[in-house]
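Two complexes are shown next, each including subunit A; its partner changes from subunit B in the first to subunit C in the second.
So, the complex of A and B:
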């Protein structure tokens, strides 16, 4: 049936935030009229009376209908025309005399953006929807547009929720003596354009696993410092994340050259970074000190000519929501 | 303080194509050293910096920086803009120096990411770092 905005309260939706508003803007260009229109169109024929029309509008709680004659759409009529006819005592007049023959329609394959523009321009309550051959295939109200957008947003929102739910229940859903999820990321030497991507992905993965924001920040900051160290000082390496139900272990390994004096490297402010690294805002010798303050345990081992291995452990406290 | 008020205080402009200017920041930090940003800021901080490379955005993403002001009239390169856009971090610019921007915002009542405050919070088990595991 044809929907009018006032006919049913719109279901409660999650708060629409900025990102989703942008999404709505995208959706009005993506969605087509046929995806949101009402398909079961209530129609009248030209030989029915205005009194018949009154019953159709009343019973269906709608405010206008397309007029169809032998399968062909011939006009539109709205509640305004009905009121005027009733006022003038013309209830027994035929719809065919009172209907608007020059109606504005919208194409089924138009975007919602196009339809919204039509509503703004013509101030009609509804538009008949026609296919490429001009056949009536549906009817479109502003309520249909709003409902269509909300439905689509809810679908998008649900799919992210399901993704999060599945990820956060991985440890409960998979039974074993000990379940460990291992994530592995390569880090290239000197690549400051893509540097940080591994940490960014680690952050997103842990977010989906349901990590608490404070905990997430500690792991992200430490992982990023470790990734930056691989970028600046090594020939390249890897970030390996081991996620367990009670702890996250992040291991940053590289293939050399190795740290000559590990004790000294751990001192705050000690750095061997060249000037160009310092110009990028790094290399002040604070990285390992930062990592230490973010982790619950860390261990740095290095062999000259072979490489360096940094292990960082972040404990998840049971019941803390982390 | 929201981004709109900040722009008016520092005589700044929005660089990002679009941003919600009613976004609130609770405190601010001025730094050109990214390790300091990682160490001394909290989630919801406004960052003032003279650096414009993409690592500034990466750092901000990891540290939970809410918005960035580039000082001394610096314009970030396209790769920085693109990364900030994809991470949803609004970028602003001011022709004023770091000292002036910080001074104006501090005088307008925007709090600092106080290191002493942070240390005190960490001792109480509230801040970031080792002590926060129990929080």
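So, the complex of A and C:
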């Protein structure tokens, strides 16, 4: 193998599209060589001829083999060496004379990332895989790596599908007179850094439960506006989501100053937000109007000096979700 | 057209969320009022704004927007960058005004839609 090129050509790594490869990049650090390598290694012995080698390569459709002598790996030989030998009429020469004794191997417990680096550094088609004691335990080609990664991605995809299936069938799987799943999220006052996080979590949870994108949008927009209202106007509060088979109810409650005129607050464009809040893009007076257009029913109640409670109901009709 | 195409055709700087550069762009929306964006922007759209705080990411994430373009070289803070990276939502920066960015997008065939909720 080392006979192919003596110097190790260090190729400039191509700029990889990060977006597409992130998951694969993660996997190359998780997977070990032994998880993807080929275990049934075809080998030759030093006392076989180059002509024998030709038959082994041809019949197995491979382009190189490790050379093993009495259980010990002693070298590597590839199709390039075979072609050279045949050109020079050395078909009857022994593999032992032509093989490369200084071969590059890869450890079974190395990560795929390490193996990929080796393939990039040395332009070899395959590497023998050895255990901690240097015994030959397998062989690794770039094809093995690709197949291993694809297999792993498929497994991950399957388990995600199963998780999604289980979550979306929770209401069918659990029998009761009425099943309600309650999700609770705290919202801090004036915490602009974490603003919108409760809504994001609600969205993800409902996604898991199999909600339709259009339905999800309605719930997300309304919940976000309610969360923002708690964040801007109150002393803190909670978002409570009640998921039932036929409807989602989202309740936003806060302890806070309360709303003086509920009717007026519901008018589009009416806002009590201070200027600095408006500069952040909030307080346009559209929050409650947005909520109204997204919900099937809403109820706003407020007690001055105590707090505000906003109840939003989203009906799961046929076609809008599961 | 995907986000990466928008980046190269308008000469934008990718500030974060590079994981989402392959997202498909279906249209555009421009506003600095978050509630208007919540009401008017649709999934897959580019959002052009001057806002640069973490709630921008929350809005983009909730609506499934393709990316956010922040105009006039306004820089998002660390919390915004961290959240955009976590969610894989590209935040792109332009030195131009919102008007010019939108004009550039229209020149690339990105169109807006009528607002869903008449005010």
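Keep in mind that, in the parts below, the second predicted complex is superposed on the first by the 257 of 322 C-alpha atoms of A that agree within 3 Å, B and C clash if a C-alpha of one lies under 4 Å from a C-alpha of the other, contacts with A are read in each partner's own complex, and residues count from 1 in each chain.
Just so it is clear, a contact is a pair of C-beta atoms (placed from the backbone, for glycine too) under 8 Å apart; a residue touches a chain by one contact, two chains touch by 3 or more.
Everything numeric here is computed off the predicted structure, so don't read it as measured data.
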item	value
Room on subunit A for both subunit B and subunit C (clash or fit)	clash
First (subunit B), second (subunit C), both or neither touched by A:281	both
Subunit B versus subunit C as contact partner of A:317, first or second or both or neither	first
Touched partner set for A:203, first subunit B, second subunit C, both or neither	both
Which superposed partner A:195 touches (first subunit B, second subunit C, both, neither)	both
First, second, both or neither for A:218, with subunit B first and subunit C second	first
Contacts of A:290 with subunit B and subunit C, given as first, second, both or neither	both
First (subunit B), second (subunit C), both or neither touched by A:48	neither
Touching both subunit B and subunit C, residues of subunit A	18-19, 22, 192-193, 195-196, 199-200, 203, 213, 217, 220-221, 224-225, 228, 280-282, 284, 286-287, 289-290, 293
Complex contact set, residues of subunit A against subunit B	18-19, 22, 192-193, 195-196, 199-200, 203, 213-215, 217-218, 220-221, 223-225, 228, 280-282, 284, 286-287, 289-290, 293-296, 314-315, 317, 320, 322
Partner subunit C, residues of subunit A touching it in the complex	17-20, 22, 192-197, 199-200, 203, 213, 217, 220-221, 224-225, 228, 268-269, 280-282, 284-287, 289-290, 293
Contact set on subunit B toward subunit A in their complex	18, 20, 32-36, 38-39, 43, 49, 51, 53-56, 58-59, 61-64, 79, 88, 128-130, 132-135
Residue numbers on subunit C that touch subunit A, as the complex places them	4, 18-22, 32-36, 38-39, 43, 49, 51, 53-55, 57-59, 61-64, 79, 117, 119
